[in-house]
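Naming follows writing order (A, B, C and D), and every chain is counted from residue 1.
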Amino acid sequence: MRIRGFVAGLAFALLACGGTDQAAIVVTGSSTVAPLMAEIARRFEEQHPGVRVDVQTGGSSRGISDARKGLADVGMVSRAPKDSESDLRWFMVARDGVSLIVDASNSVPGLSKEQVRRIYRREISNWSEVGGPDLPITLVHKAQGRSTLEVFLEYFELEDKEISPDVVVGDNEQGIKTVAGDPRAIGYVSVGTAEYEAGRGTSIRLVPLDGVEASVASVGQGRFPLSRQLNIVTSDEPQGIVAELIQFASSEQVHDLVEAQFFVPVE
Amino acid sequence: MFQWSKDHLLLLWLRLAASVCAAILLLVAGFVLLEAFEALRDIGPVRFAADASWHPASEADQGLYNLVPMLSATLFATLGAVLLAGPLGIASALFCQFYAPAWVAQLQRRIIGLLSGIPSVVYGFWGLVVLVPLIRLQAPPGPSLLAGILILAIMIVPTVALIAESSLAAVPEAYLLGANALGISRVGIIFRVAIPAARSGLLTAVILGAGRAIGETMAILMVCGNVVAVPESVFAPVRTLTANIALEMAYAMGDHRSALFVTGVVLLVMVVGLVAVTASFATETTHAESTHG
Amino acid sequence: MTAPSKLAPSVREERTGRAPLLDAPAAIRVESLNVRYGQKAALRDVSLTLREGAITAMVGPSGCGKSSFLATLNRLSDLIPGCRVDGSIRFRDRDVRARETDVLDLRRRVGMIFQKPNPFPMSVRQNIALALSERRRLSRSEIDEIVEHVLQRVGLWDELRGRLDASALALSGGQQQRLCIARALALEPEVLLMDEPCSALDPLASATVEDLILELSEACTVVVVTHNLAQARRISDDLAFFWVRDDAGVLIESGSTRALFRAPRHELTRDYLSGIRG
Amino acid sequence: MARGMVQTSGVSPMTRQPRQRHARWLDGTVRAVVGLCVAAVVGVFCWIVGDLLLVGVPELSWGFLVEAPIDSGRSGGIAPILVSTLAILAVCLGVSLPLGTSAALLLSELAATDVRLVRVVRRSLDVLAGVPSIVFGLFGNAFFCVALGLGFSILSGGLTLACMVLPILIRATEEGLRSVPSDYRHAAAALGITRTRTIWKVLLPAALPGLVVGLVLGIGRAVAETAALIFTSGYVARIPTSLLDSGRSLSLHIYDLSMNVAGGEPKAYASALVLLMLLLGLISMALSISDRWLSRRMVHT
């Protein structure tokens, strides 16, 4: 009898599902962009009653493939377009820098592009060789496929295969928590995230790169060399409400949201 | 054998329900195989064991797909976790059944229940913040097979403990009273009466624990270091098969994505192997004691 | 438990002044019954007629297939994995073993009491009501009426009238067994199979149940398996004596209890009944 | 309930004989080892929960429970996430409980007649129990979201979780059913009670402890699950209005806060605490239901 009650309930619930037939825009992709996009979506919904924007997270590749397949109206991609992706329409919503981080106790003053390159190739294996403490270096690296990794490899002209890391991490926060408290470790994460975490007392320090301090400000000023685009993509020229959302997302109305997520707004 | 004329509806439903349950495996396995097929066809199964390393996304050459290091990591991590959690879980079950007063046992059960419900990300978090630095003091870098084993062990203790306890609880009271009447000590009763009588359930508990350990993803991802290499010691960072999927799936395309499904197939094969091994020495239990013969 | 040296009329006849006619019709007629558990034979070629209204006692050493015999009569043997039954069993005009036999109906007509009292883990009232209310919807008051009636018949009413909603598992062994009997009686069975119904009980409870069996026999045919020869002699009209031969149970002889105790045809029977063997 | 022991070996001055000194020594050792193991488990539990309490408690408030998350969850509350979590759990249990109990009944009660089906089902479930949750996630995404067209929804998530907890539920229920003495089955059969009624009225109530263990483990697994939900129930932190809405589960929220949102840590801890309290509530409910059942049936009350 209990079963019957349940089935009836489920059937009712399913029927109820049919009733809410609102226009929903589906946005999927990069987990870096997703929190920002969710906030943008919420503000957009407030301004457009009756419109729903569902933001789903996954990864940049997912954003691209979902947009291509039509599974999503809008894809989120946390890097610049590749040649093979010119079939999509790209819209930049923000910029983000990638900063090298070490433990707060690590006294290394700064690193040059060449030094980083040699550290990750294990040609430099002790911090004392770059002006730091006499400790072996623990390499914290990103997992295959991450946009941060691609940006990093591209800038330092490294091949993923040449790098034999000690620790491989996924998301930014994991990288920060792995480096924090380990004076041997070096890693690289989103600059905004790192700046925020360092500011609230997490035991990390952003290492100046080629003499430029790593900060959201320097990324914003275009001085920081290691930066990436945060994009949204559509498969065709956006129409109607989707076009409005994209317009909204790249407008000044969301700059405070972009900054709240520690990214750099696009001028 | 039963007369089912009055119960044919029930019978039909039970068979249907059970078949649905079995069909889920077919669906899951079929789907994973389908997705893996592309890679198995294009890359060939041999290269998943023979390639120089795991670099599926490198564009220069067609990518490298060696899964053996991750397979070994999964095996070591699971084995270690089971060796730790098996005794711990069974000890907890024995404690609840034979040692603790009722209210303490009840409390212990709730603690175990809660342990089972702590999301793996919290375990991973805790491992990363507490366990890894402790290990780092001993042998840098810290994230390691050992950290994975410890976290996994904590995570599967509830599975082992709860199932072990329910199988110990199923040992007929009469056996225990009988043994008591013979003046056998508590230890004797536990080891010579209760544990033998409950052994199939205890085995199930450990197997389910092992299955859980093989499949655990998020926590292991956070504490193991994720470096693709056959571990040389327990302090070496490793990447398990599940971590491999979780780390890269969201970012993978084409052959890379398909190769991750091959990882899933390897996991499935492992689980099938585990089940086959246990099936070969597990005895089927029947219902509790019967009065006729 | 001394062997009887001289003959007396059956206690039942003495006590109740009534016994079934010698030519009473058969309630159950068993012919060439064979029971096997997997490879092992449990009963071989048993033919036996159970007279309507009689109390038939089945005696014999352990493992001679008495319980197996009983279990075939209501097809409870169906429940035992690997159990195979051959031969013919007729309950009145029905073929017990036929495919189309309604087993549930059969079991309601042929009730069974087990050696170990096995009340369900629920209240006294629910124990009785469970089987009752299945076939037809009974009102609460109808059920209460039946509960009172059957509990009175088994002599439990006065003890339990205030505790009908207490767990049946809280009762004493003797009370539990009587509750099990009451539960079976509620279905108004035509035959009652009892598998050593007293052996798990203390002498006092045992005596109560024994008296109960005598009373019950006025309403239905009773088959009782017992190890207690004195009991068999006290209560039964007919006796069936089983023995183990070649690892399988066989029926040595059967007949009226009085006749068997007085003049057994087989040496085995004589030795067993007189306590020399067994 | 220290079983069968309390009366005798707890207080047994009569059995103190020299020969048993060894046994008593062994008894003491085993007791110590068991105690140590339990202490280790409880210790770790206290450590983790203590950690959670330390960071999470200051964040907890009524507002945290009834407000929507703001600024990616760094502030605000978790109300929509709680609702989604409960909805996902309801779908999961609503599907897996009847299905799982039925399958367990088949495995336990029909093992002798449906030999082949039982073997197939049992093996499948054993394997299914070991399938990693992330694989369930991928499967759920492909099957429920795409193939069945349910999209990212609470329904997809709940159904995926149902597939995942089924083996646990079935195993435990089956153990529970097996521990029901066959006496009950025989008694019921002898009374001509149908199997359906026997199962409903006798076997399932008697197997309740096993069922509850399965339920506790299943709820725990479902509530704690992250990997299977990312790809199925989705990321949307809005109060769902139907089962076809996407809804972020609590565990996924915790994951997002701790791994993807800078400074999300305190809220992540607080959310984890809420999750634990939710779980504690559900477990207590399950256990007290079974206790009430048991005490009604127990001899010693």
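The rule is simple: contacts are C-beta pairs under 8 Å (C-beta built on N, C-alpha and C of every residue); 3 or more make two chains touch, one makes a residue touch a chain.
Just so you know, these numbers come straight off a predicted model, no measurement behind them.
J.: Through how few touching steps can chain A be joined to chain C?
T.: 2
J.: Going by C-alpha centroids, which chain is farthest from chain B? Tell me that one.
T.: Ranked by distance of C-alpha centres from chain B, the top chain is C.
J.: Per-chain C-alpha centres versus the global one: which chain is nearest?
T.: Smallest offset from the overall C-alpha mean is found for D.
J.: By number of C-beta pairs in contact, which two chains lead?
T.: Max contact pairs: B-D.
J.: Quick check: how many Å separate the C-alpha centres of chain B and chain C?
T.: From the centre of chain B to the centre of chain C is 51 Å.
J.: How many Å are there between the centre of chain A and the centre of chain D, using C-alpha atoms for each centre?
T.: 35
J.: Please report how many Å separate the Cα centroid of chain C from that of chain D, as a whole number.
T.: 46
J.: Centroid of chain A to centroid of chain B, CA atoms only: how many Å?
T.: Distance between chain centres: 33 Å.
J.: Can you pull out the residues of chain A that are in contact with at least two other chains?
T.: Chain A, residues with two or more chain partners: 31, 57-58, 170, 174.
J.: What are the residues of chain D that contact at least two other chains?
T.: Those would be 98, 112, 181, 183, 185-186, 194, 258-259.
J.: Mark out which residues of chain B touch at least two other chains, giving numbers and ranges.
T.: In chain B, residues 1-2, 6, 125, 129, 246, 249, 286, 291-292 touch at least two other chains, as defined above.
J.: Please output the residues of chain A touching chain B within their complex, sorted ascending.
T.: 31, 57-62, 64-65, 136, 138, 143-147, 159-161, 164-170, 174, 177-178, 181-182, 184-185
J.: Can you name the residues of chain B that touch chain D in the complex?
T.: The touching residues are 1-2, 4, 6-7, 9-11, 13-15, 17-22, 24-29, 31-32, 35, 87-88, 91-92, 94-95, 97-102, 105-106, 108-123, 125-126, 129-130, 154, 157-159, 161-163, 165-167, 169-170, 172-173, 176-177, 179-181, 183, 185-190, 201, 204, 207-208, 210-212, 214-218, 241-242, 245-246, 249, 261, 264, 267-268, 270-272, 274-275, 278-279, 284-292.
J.: For the complex, give me every residue of chain D touching chain B.
T.: Listed in rising order, the residues of chain D that touch chain B are 1-5, 7-9, 15, 20, 23-24, 26-27, 30-31, 33-35, 37-38, 40-42, 44-45, 47-49, 51-52, 98-100, 102-103, 105-114, 117-118, 120-121, 123-136, 138-139, 142-143, 163, 166-168, 170-172, 175-176, 178-183, 185-186, 194-196, 199, 209-210, 213, 216-217, 219-221, 223-227, 250-251, 254-255, 258-259, 268, 272, 275-276, 279-280, 283-284, 287.
J.: Can you list the residues on chain B that touch chain A in the complex?
T.: Per the stated touch rule, the residues are 53, 55-58, 60, 64, 125, 128-129, 132-133, 136, 140-143, 221-222, 225-228, 237, 239, 246-253, 256.
J.: For a test of understanding, state which residues of chain D touch chain C in their complex under the given definition.
T.: 112, 181, 183-194, 197, 201-202, 205-206, 296-299, 301
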